[in-house]
Amino acid sequence: MKNSFGNSISVTLFGESHGEAIGAVIDGIAPGIEIDHEYIRARLIERAPVGRISTGRCEADDYEILSGVFMGFTTGTPIAIVIRNTNTKSRDYEALRNTPRPSHADLTAEEKYHGYQDYRGGGHFSGRITAALVAAGSIIRLALLKKGIAIGTHISSLHGVSDRAFCKLDDDVKALSALPFPVLDGERAEEMRAEILKAREMGDSVGGVLETAVIGMPAGVGEPWFDTLEGVISHAVFSVPGVKGVEFGAGFGITELYGSEANDPFVTDGKTVKTSTNNSGGIQGGISNGMPIILRTAIKPTPSIFKPQGSVSLKDMENLTLNIEGRHDPAIIHRARAVIDAVVAIAVADMLAMRFGTDWLAEK
Amino acid sequence: MKNSFGNSISVTLFGESHGEAIGAVIDGIAPGIEIDHEYIRARLIERAPVGRISTGRCEADDYEILSGVFMGFTTGTPIAIVIRNTNTKSRDYEALRNTPRPSHADLTAEEKYHGYQDYRGGGHFSGRITAALVAAGSIIRLALLKKGIAIGTHISSLHGVSDRAFCKLDDDVKALSALPFPVLDGERAEEMRAEILKAREMGDSVGGVLETAVIGMPAGVGEPWFDTLEGVISHAVFSVPGVKGVEFGAGFGITELYGSEANDPFVTDGKTVKTSTNNSGGIQGGISNGMPIILRTAIKPTPSIFKPQGSVSLKDMENLTLNIEGRHDPAIIHRARAVIDAVVAIAVADMLAMRFGTDWLAEK
Amino acid sequence: MKNSFGNSISVTLFGESHGEAIGAVIDGIAPGIEIDHEYIRARLIERAPVGRISTGRCEADDYEILSGVFMGFTTGTPIAIVIRNTNTKSRDYEALRNTPRPSHADLTAEEKYHGYQDYRGGGHFSGRITAALVAAGSIIRLALLKKGIAIGTHISSLHGVSDRAFCKLDDDVKALSALPFPVLDGERAEEMRAEILKAREMGDSVGGVLETAVIGMPAGVGEPWFDTLEGVISHAVFSVPGVKGVEFGAGFGITELYGSEANDPFVTDGKTVKTSTNNSGGIQGGISNGMPIILRTAIKPTPSIFKPQGSVSLKDMENLTLNIEGRHDPAIIHRARAVIDAVVAIAVADMLAMRFGTDWLAEK
Amino acid sequence: MKNSFGNSISVTLFGESHGEAIGAVIDGIAPGIEIDHEYIRARLIERAPVGRISTGRCEADDYEILSGVFMGFTTGTPIAIVIRNTNTKSRDYEALRNTPRPSHADLTAEEKYHGYQDYRGGGHFSGRITAALVAAGSIIRLALLKKGIAIGTHISSLHGVSDRAFCKLDDDVKALSALPFPVLDGERAEEMRAEILKAREMGDSVGGVLETAVIGMPAGVGEPWFDTLEGVISHAVFSVPGVKGVEFGAGFGITELYGSEANDPFVTDGKTVKTSTNNSGGIQGGISNGMPIILRTAIKPTPSIFKPQGSVSLKDMENLTLNIEGRHDPAIIHRARAVIDAVVAIAVADMLAMRFGTDWLAEK
């Protein structure tokens, strides 16, 4: 399967930016999970554009659940979620048809779909599709939360400005769900906003690093080869538009340490075994060890900028200078946080369901 | 499927470090691919321990192909490869049974397999299993090479010492296959070796970053969501033991650039379209754009060190100090290069076969 | 994946009989396939209830395509199809909640979904969901037809009344698409209708055998083990409600022949090789041999009958006599034909795409 | 995946009749399942040729387990099983290379593998590969048995001679494991043997119908669409060479009943709910209902016969008469029983693991 993810619990995405609708189908989810629309909407708002640091496109992201939910609970059958497209301005894009935007998917879409792709607004490649992903992921994420597995993401750095590190993880993860701009240190949040606004004024854009924690993850989940927990999570995370890197625990930084510094010593209080450090990011040998899972995701600067850029006329095969107009985000990293939370929830839930069975997610 | 990878072309791994044998089964490979044992053996030698910078365990890695090859060519049916274990010293490990080694998979294996795992020498988690992965990957990699798709990996950095960047990619990739210690700049190679030997003397270990290039990759391969080329490749790469991060193109570094710096402008010579930079690492919107695919992999320092470390007696649930003995690598990064080449070949070939059909790989 | 089918081309189903909507998502379909709404609607009409031999529930089956189609052609991205539920009478079913209907899925749904299932009108188990399957399958089936692969199904027997055997396959398959009641011999069609009406008058129901031909199938498609063409097709066909058996070629009848009678001798006209008989049903060793693929499907009598039946009160755990009311089909076999055509198209197209690549289906 | 089956528990097959070895890899099996070599060998003996009613090829089917078993128990990691080929006479087949044997896979292999297939003795299509399937399936089947799920198969009919129907299922299934020629009625067994010997004398072959019961299957396993229990089981069963039809419960016979005759009324003893008949074969809506699962499989007469048959010279594209020599079975149905038992075990165990989690199979 291609635009689907997961074996035991799976999510399939569909839709184009300027088509009728976008949506997702969740299959394999346990029956008896309560649907909390307030929770889902809150997650969609985290993903939605906010104020001057985001695109001018304003959409309610009103989703409709077509199936799989009855009397307020999941039935255990596929849940189809649809979000209609309403506020679309297709004329903005027509001129761009033969002029691929640098670092967008315009040219690769052309290569793969031979000119049949819906080119309006990025079509199926549009970040807008992530609204469906967030809606689907939120149902799963809340179910995980009720099982004691909490997921939270902050902007670890934005164009060089760094947030403080995760500290008391339980408190930090809880705090993040109340923060529309997910930065733990308020001062740094202001600096980051300033960076975004500066980029906006320059007609430019910025990216950053998101750091995600999964706490409460049971030990013993994942496979030694191929379906490692890192492999499965990264597979899901790389489908979030703009992601160029994923690292776990100490990540790339671990390559500058000695083994004696990098290793996580075991300690016990006589009852349970933990590690005193967590350079492994909660995963050893592809399998969760009961410590928090920590991953960081590199999000590139939004490719839509208002500065002139080199491109090519595909019709005439000539070089030209491209000036993009329209509504665009000077940064998407604060919005991407909701998407990362969603895909991590999907990946983790699938691995848990594979290990403990389909019903596990709804068991009290 | 769990310890398998791939949809159209797949590889399944089996075996334990001190069991009868390790091996792999390749399924879905096209008929008519010539088997070049010299090529496979050369790749296994790249993975094998070399001299003082590696473990003292010396094994010929003699593989046997049990099926799927007839008269020197692939038949198109599953290829089973078996490598017998010969030089095993199981007594080294028995004492460790109840004392998990930090940052090894001993404890997670216990959690997942409830004490039934083969604990000798890391069992199914042992790096030794990668010999089977290299053998399987080499068959696929050579087939790709005959289709004009070349894969090469160098040590981009080792414990802080950096190799020069990729330059003329064709030449660099070709040069790498002749280098047992895969570093492009000879002087830096010596510095890196010195770092490894220093770590060895200290009873410690070092890690580093591998950089891989895939050249000749056709445009238009990959899916927009979930089965993105990055997602599929990273899924495979994270199953290589010790990998803690994967990044494509400019990777995490891209987060410090402006969009105007990060975007890859298109240029044409009137016939084909390329990008003048390759911060995207050859992938846009999850799909190959015809430029070289560039990825970097963070390899942690080998967890087996000879310094005392904190661990726990699982029997008594008491803290203790662990001293590991036996044969171990002060670094595996130079050996991991062959494994990364192999898994990237497997992932890329599967995506190509999915796109162009099963026979494509053998078509002249 | 659970309620999905296919690897390279896949279909995911969702929806409940009395929920908001039913639908399907097709993924992996080639770009550039023309969408012919007249063709799709004609197939939906084949599945729709007709006159007195069917249920009184009357629905337009108006589908909406939400994604994956642009300017009248498939884009290559997932196609989401939605059919709203309009004519639902939920009150009919409430009384039945604690009284499972014999040979329906009421009790198994209870076992699997622990009471959270949408019990109205069979919920997710309803034959109504096959409307979405037919819509999705029709898009694929027409694409196959343009590649020279035609699929057709007739009622081979109905409650003991037999149609004539397939004869000139090309003509027969073509003829079937014009027949709302798919029986090749007009007189037998009348006898079958009479059987259905007789069952209706008795408050009873009848079933039958559908025979399907796939003509124009290229040789060499299928796998020797597990993903045999028979295995993949039967996997799909058994998900059509009411199917209790699937056989290929001479099927169960072959067990009464000697090998010398059962074997299909090869013959050549100097250019191509055929078999002079087709007891193999176009498949040998799991792989298509270029002859027509022939399969027969046993469809059980509709389980909804108006005669008193033994059931159980799940609340009181007491035996009782159940009298079903509402709108029901005395036979579904004539409607099931469209569903069989659809799932066979999906299964065959997936195997072709796996073999020849994603774009094959749209290649001229 | 192609020559693999299963999602949570999977089996991959490899090998050619006259190659080095055949074998299987089981992945996803729970740790802690005891390996009972006596049980496995007994199943292999059921599959092995016996006396005059089978082929003259005599092989010990000595298997070796290379991995995944430690101290007599499954470790939870992939189990690789290898059976060496010893008694091969390749010369018998060389003359046949350009002359496909009717109703064998010779021609389809040629179509799929373009002449690279190992043509000796049927290569990868050989029934010999089922020895590996039986070995793998036996490990899983015994684990199921310890969970109270027993599988048994008898020859329901052979070339028109019928065994008595299943009666007291528990006793019958138990009795079958002691019967080398699996027929419940001893007199009928003799008649069947006589039929086989008669066919042998004529240089001909016979087929028949196998009937399989799975008792002790928990209710609630299977999916409503696509991954129905029937669909998944039939997918597996059709990969057994020679199978041309699969039916569940009343199967094709149900098409001649009225709904009132076909429906299975529910009855309760105040504690549990059963059906008083089992025309559904233990499955309703694709999901197990707690009644025994009953399926019947049509096995065609062995295609290797010693009578002259029409074939074609692929080299000269001319019609010719083929006379097959060598060692062949006049019937394989009594041997196929062990293979059906094995694949049914694999399919059922996968569905159970998907539903209840990986460890379920080993839980006491």
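To keep things simple, chains are lettered A, B, C and D as they appear, and every chain counts its residues starting from 1.
Convention: contacts are C-beta pairs under 8 Å (C-beta built on N, C-alpha and C of every residue); 3 or more make two chains touch, one makes a residue touch a chain.
Not measured: the values here are computed from a predicted model.
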Chains touching both chain A and chain D, listed by label: B, C
Remotest chain, chain A as reference, centres from CA atoms: D
Where chain C and chain D are represented by their mean Cα positions, the distance between them in whole Å: 26
Mean-CA-position distance for chain C and chain A (Å): 38
Multi-chain contact residues (two or more partners), chain D: 1-4, 7-8, 13, 77, 112, 124, 224, 354, 359
Footprint of chain C on chain D - complex, ascending: 1-5, 13, 100, 102-105, 107-109, 111-112, 124-125, 129, 157-160, 199, 202, 204-209, 219-228, 230-232, 234-239, 241, 243-252, 254-268, 270-271, 273, 275-276, 279-281, 283-290, 296, 298-305, 307, 309-312, 314, 317-319, 354
In the complex with chain D, residue positions of chain B that touch it: 1-4, 6-8, 10, 12-16, 19-23, 25, 27-28, 31-32, 64-68, 70-71, 73-80, 82, 112-118, 123-124, 359
Residue ranges of chain B in contact with chain C within the complex: 7-8, 77, 224, 354-360
